[in-house]
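Data first, discussion second: the structure below is written as structure tokens.
Letters A, B, C and D mark the chains in the order given here, with residues in each chain numbered from 1 onward.
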Amino acid sequence: MTKTDMNIFDSLESEVRSYCRDFPTVFNKAKGHKLWDENGKEYIDFFSGAGALNYGHNDPKMKEKLIEYIADDGITHSLDKATTAKAEFIQKFNDVILKPRKLDYKMMFPGPTGTNAVESALKLARKVKGRTDIISFTKGFHGMTIGSLSVTGNASKRKGAGVPLNHSVTMPYDSFVDEQDTIPYIERYLEDSGSGVDIPAAMIVETVQGEGGINAASFEWLKKIDELCKKWDILLIVDDIQAGIGRTGTFFSFEQAGIEPDIVCLSKSLSGYGLPFAVTLFRPELDIWSPGEHNGTFRGNNHAFITASAALDYWTDQEFEKSIKKKSEFTLKYLQDIVNKYPELKGTVRGRGLMVGIACENGDVADKVTSECFKRGLVMETAGMDGEVFKLFPAINIDDEALKQGLEIIEESVKSVVKEPVTN
Amino acid sequence: MTKTDMNIFDSLESEVRSYCRDFPTVFNKAKGHKLWDENGKEYIDFFSGAGALNYGHNDPKMKEKLIEYIADDGITHSLDKATTAKAEFIQKFNDVILKPRKLDYKMMFPGPTGTNAVESALKLARKVKGRTDIISFTKGFHGMTIGSLSVTGNASKRKGAGVPLNHSVTMPYDSFVDEQDTIPYIERYLEDSGSGVDIPAAMIVETVQGEGGINAASFEWLKKIDELCKKWDILLIVDDIQAGIGRTGTFFSFEQAGIEPDIVCLSKSLSGYGLPFAVTLFRPELDIWSPGEHNGTFRGNNHAFITASAALDYWTDQEFEKSIKKKSEFTLKYLQDIVNKYPELKGTVRGRGLMVGIACENGDVADKVTSECFKRGLVMETAGMDGEVFKLFPAINIDDEALKQGLEIIEESVKSVVKEPVTN
Amino acid sequence: MTKTDMNIFDSLESEVRSYCRDFPTVFNKAKGHKLWDENGKEYIDFFSGAGALNYGHNDPKMKEKLIEYIADDGITHSLDKATTAKAEFIQKFNDVILKPRKLDYKMMFPGPTGTNAVESALKLARKVKGRTDIISFTKGFHGMTIGSLSVTGNASKRKGAGVPLNHSVTMPYDSFVDEQDTIPYIERYLEDSGSGVDIPAAMIVETVQGEGGINAASFEWLKKIDELCKKWDILLIVDDIQAGIGRTGTFFSFEQAGIEPDIVCLSKSLSGYGLPFAVTLFRPELDIWSPGEHNGTFRGNNHAFITASAALDYWTDQEFEKSIKKKSEFTLKYLQDIVNKYPELKGTVRGRGLMVGIACENGDVADKVTSECFKRGLVMETAGMDGEVFKLFPAINIDDEALKQGLEIIEESVKSVVKEPVTN
Amino acid sequence: MTKTDMNIFDSLESEVRSYCRDFPTVFNKAKGHKLWDENGKEYIDFFSGAGALNYGHNDPKMKEKLIEYIADDGITHSLDKATTAKAEFIQKFNDVILKPRKLDYKMMFPGPTGTNAVESALKLARKVKGRTDIISFTKGFHGMTIGSLSVTGNASKRKGAGVPLNHSVTMPYDSFVDEQDTIPYIERYLEDSGSGVDIPAAMIVETVQGEGGINAASFEWLKKIDELCKKWDILLIVDDIQAGIGRTGTFFSFEQAGIEPDIVCLSKSLSGYGLPFAVTLFRPELDIWSPGEHNGTFRGNNHAFITASAALDYWTDQEFEKSIKKKSEFTLKYLQDIVNKYPELKGTVRGRGLMVGIACENGDVADKVTSECFKRGLVMETAGMDGEVFKLFPAINIDDEALKQGLEIIEESVKSVVKEPVTN
């Protein structure tokens, strides 16, 4: 195979491309937690497609099913016609995920991306409640189409809209204001008819904010948000696109908080294989859609139905969650040790489950760490408004050795950045 | 294989599902222009995934490449990291499609669906021009996320937004008003500073409207729109998601009109295989994006890169366009004959290339025709505000015999609906 | 009296001031159709406060009543408390104006300016119909607060908003497109559910556009607009702020068209004396306001109640309308003669009643004419998007001699501008 | 004089009327702090036109000047033509008010009502900064036209708009949240680029909120708001329409806080006589208006220029401010005594200067108090979201005896409402 000329991207692809700037090589192969580039260099992947590859790359069981399906000329594209592959997914998702968790949700396939799921959730909430406004939270990220962008906090992403973003109000996420509980603020805005904030159709929240900088809301805060929603007749939408599908330790990230959202958005790792796929879940009594009122050409991606069904097998065994938990504890401890050992980093450990990271003093430091990691064969990205958090997203089924190896690379990289570790 | 219980969809899937109501059976296999359901019944597909399957189902060459890629553990999901599969697509698209047509465009991968492409095009136009408004056209359809929906005409889809849709102005499409040329009307709005319509950042237009009812704008009208845009410093966006990729006879639908849009949106049949995929093309001088200013988790769907590259082989041979043209002429003549033969249908033939249909007196008649077709083994949908147009979207590489067979089923169905044909 | 230093305005008043630039002198006295400046120079007033002084300045009967009221310590400011002066106005307006015209309207005092009346009308229409959009017309002018500005056509005024103006759609006014009837356009937009224009709560229209350039809609066109509104369940709002109170020959400008709007906005000459005053009239069944739902500090300007009541006496005698008609015919003929006599002016006579003018080739020509008039002791302004129309607004009770005198000044001014008149 | 039939209002005036419901009698005369109805009953006025009659009714000196001006046929209505009356006001306002306070402001006459002033201020701020958003505050009230309503907190007033209100963000006013300082909260939104709140063009604030329930922001809080604005390059607009013109003890309410806003809105008592009048003041370097970019028919109300000039004489003597202060201290003490003496009232004294009131347990109690007062010959209104505050707005030049008399009526009314006062 001849090697790819990187100039192709420079000359023919838009300046909007980004990750290829951080990881300047041409990748061509992947397996589990490993990536290879055209030079044959191997990388440990602590990036996992920004959360779209929670089970690692090209999982062998899913791969087998997918090849078989394709070879048999299974339906590839079906819009929302009924297909065998779709029926199997629906049934299995209900049996393996919803029922055991006593969740009674209807499924909607809103188009194959996270932002499609968010847009459909907002539409449905507005239709059900007959209200226009949505409450979102500081540093929240929900997607790049205008509806989703309206509930996203990031100023530069918002500016990209080119139009003012309306029909949304941003409330303070847990810990947004130092030493102030944000719940009383939110409650005052709801209860006081002079607050200028109308009762919204819904609140949309991430239990752990990914793009926002690996900010984990406390379970207590999430419970209070849930209570406020119930008290004021507001629908609660959990955007579980990045934090869901096992990333924080359970299938849905909100399980641990003991809440049951009215609407849930899933995408990213839902297909298990990195294929475009999304689902919007909601309580059956909210299902007042007219046929086709929201649609999309790729809402029936059958390849994704096939791999997503296969991926559900991970969740039939209780041991899976336990193993994530174990890996998470190991990782958090390791990161805390790094923070303690290298005080020059001025780091703070953040996150929950395997959605974790270290907030550095600023974005430059975090960038240096990830660059050093990349040189040493570890792919990892940054998050936060200034990119000040380096963010670990290992596959949730990574083997312990590879996890440790990746963490060691991180430590070495931190060390090389801060130069001289304090001995303690 | 046990047969699927249709109740699964009723009980677990949202009421928003639609095509499964029109085609009430469970499909499980597809090949070229044919579909099969679980009962083994065979259908000719004149629906083609609403334009996402222009090359038919599961094209053997693409299939081979895809299976090979998967089997070799090629990268599946890459966001916008550089991959071998992506580089090949970019290079080949430039070599096979852009260069021979003397088109100098940069490529942006905005997320894998048509609405992502449209949202990115609108954002870019607004950024480039520093203006908020977009002119769209009556009966236009551009997608279901809030940005795209704002430039979509359909009242019930718009209502689904749950919020007022702003920053857009709808101008009359070609032939919208009987016996009046709509160009002078549009021009007056632009030239008169008291018109209440501000000079927009862009106009977004389909050369043939699909969802709107198979309305083909004349080449002359399209040229005048292009001239108006140039005169008033407005960007011209052609949404070629449904009409492009050969559907109207040439790769881009606008080639025949002799215009070169500033921005082009492609999706649907771009992957060739029905996989989620989209690209936004624009003149290089418009490429003022900041890295990551628009993004999306599935903007690097490598399976789609593989099949899309394979699909481009169709376009290396000039004969391909000629064959579409021949099939189109045959089809249009056949449809005109039906209209003449069955005056009770009160039909009018519409469209261009293989994006054609018959507008009936109302939606009931068109529905009856498509229902009769379905019974006879032909899958075909309706379009238009009242669903009054039955819409033929055969694969553009369908063999002549199958095309004729499909048309015969349509004639039989029309006959059965209008009961007694006039003999002539 | 010492003379005023014009520097006071330059140094202390905002750059937003405008008329003092066109008429660079300090006025200090006025009576009927005459104005005087501090130098004692006398002017004929063909400006009439942009339509706020239809009865001329400081009408003696109104003046007498007003001084008497003030001397007696009558209530000046009452918000919407009941006062004797208010009761008298309400009763008299009903007896003299509404009843004889068989109009059954309730009166609302929305604040003392035209834009207050428009904003209240739009609010009420939206509330009654539960819809957000309003259809306005090209070149329409309705005021400078954000609600009114949203239905105003002028691009530079709109830009002043500093925010995009939403919830409105601009349709083509009568004769907006050369040789095309605009009614079929409007109808198509309403009847086609794919038009992208939602059925609005109301249409707001001026029967003759003042700021827009003295464009008089034909009675036939107005009737068709009225019919469209009825057919599509849309409220018809006539903004009669400039064209009403006798300006076009009848009290309401719409009387001659034979239509009865659902809502009518009046202000400008309503007080008769140039005092801030406005009223919003509407059919009783639309009166679903909650108490105080719209309010304003100066909605009870009792000085205006007093003079407005006195002004109604003009309308108790049928001869008044006839005299306006006579003056109008004389004026229109005189203007037509000017146009014929001075073809270099490339003028077109426009208007209805005593709301008339000549559209010149461009704004420069019209400006020169008004400047020459000012030198010769006639105050007159321009209108239209480029200020291309010089606009005659004499008092509707001006005596015939003064009218002729003013017209002669105009002819002289035109002559001096075009230099050499054609003899015929 | 025959007495007015109250049915006139019921049958001919809109349901939107409100104060005539609270004070069900027909007023016909007023002088200083006194009002009379048609029955000859005398009332003490603690309402003062909701702040539009700070100097009482029909002040004799202003009255004399006004009658003289009218009798002499002074210009009544001038738009923004230069007039002698206008020049005098501008010069005197600069000499008496601005210069002694070392304030360098240009004056704009935006139309004669408070909401005109607010709309012009928002437009100017947006134009100067090139940003769309405005930060307003909880319970703020700024007017009823769409621009002003967008920065108003009251939910029912907002709902009256009939459209979503955009381009504004409501931040918490001083003391909005119990036991939390709201400044850190506001600062976090400004400093964090992920907050979802874009840096606004301006903040608009009342130093004491009138409609909102007589909430006085502390001087410290106001200073911090001013600092935040400076730090983040945000314009500070003080809406001094209700709190200004001496109501809180100084001409401008913000003087005591030691801040100098970029833009100031004045109206209500500016004319001194209850005539419609408003001015927008701003720093000269902000004066980037184009001529006529904002306008209005009644922006040159010369009667108001005359009385407003006369009213300025009050401010030439330092004793005036001292006397307001004395009256205020007396009033606040008296109110505090009532609160102490009648604990059943559960009252809290609120306000500053002579903009004061008692917040009761709820709106019913406050309503009962004002009703009892009305019976006893005192006119007073309520404020707050539930109308829970009875609000004392005596003339600021009221004589001490009348003030005491009014307060005694209030005490008697409170007593009659709570029945049995505690003796202490």
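Assume contacts are C-beta pairs under 8 Å (C-beta built on N, C-alpha and C of every residue); 3 or more make two chains touch, one makes a residue touch a chain.
Since we're looking at a predicted model, the values are computed, not measured.
Colleague: Rounded to the nearest 5 degrees, what is the angle of the rotation relating the C-alpha atoms of chain C to those of chain D?
Modeller: With C-alpha atoms aligned, the rotation comes to 180 degrees.
Colleague: Have a look at B-D versus A-D and report the one with more C-beta pairs in contact.
Modeller: So, comparing the two chain pairs, more contacts are at A-D.
Colleague: In whole angstrom, what separates the CA-based centres of chain A and chain B?
Modeller: 31
Colleague: Cα centroid separation between chain A and chain D, in whole Å?
Modeller: Computed value for the inter-centroid distance: 50 Å.
Colleague: List the centre-to-centre spacing of chain B and chain D in whole Å, with centres computed as mean CA coordinates.
Modeller: 59
Colleague: Give the residues of chain A that touch two or more other chains, as numbers and ranges in rising order.
Modeller: Residues 132, 156, 163-164, 166-167.
Colleague: With touch defined as at the start, can you tell me which chain B residues reach chain D in the complex?
Modeller: Going by the criterion above, the answer is residues 163-164.
Colleague: Report the residues of chain B in contact with chain A in the complex, numbered from low to high.
Modeller: Counting only chain B, the residues touching chain A are 1, 4-6, 8-9, 12-21, 23-31, 35, 38, 49-53, 57-58, 63, 66-67, 70-85, 87-88, 90-91, 94, 106-109, 111-116, 119, 122-123, 125-127, 132, 143-148, 150, 156-157, 160-164, 166-167, 201, 241, 267-268, 273-276, 280, 282, 287-298, 301, 303.
Colleague: If you look only at chain C, which of its residues touch chain B in the complex?
Modeller: Of all residues in chain C, those touching chain B are 132-133, 136-140, 152-156, 158-159, 164, 166-170, 172, 176-178, 180, 184-185, 188-189, 192-198, 212-213, 384-386.
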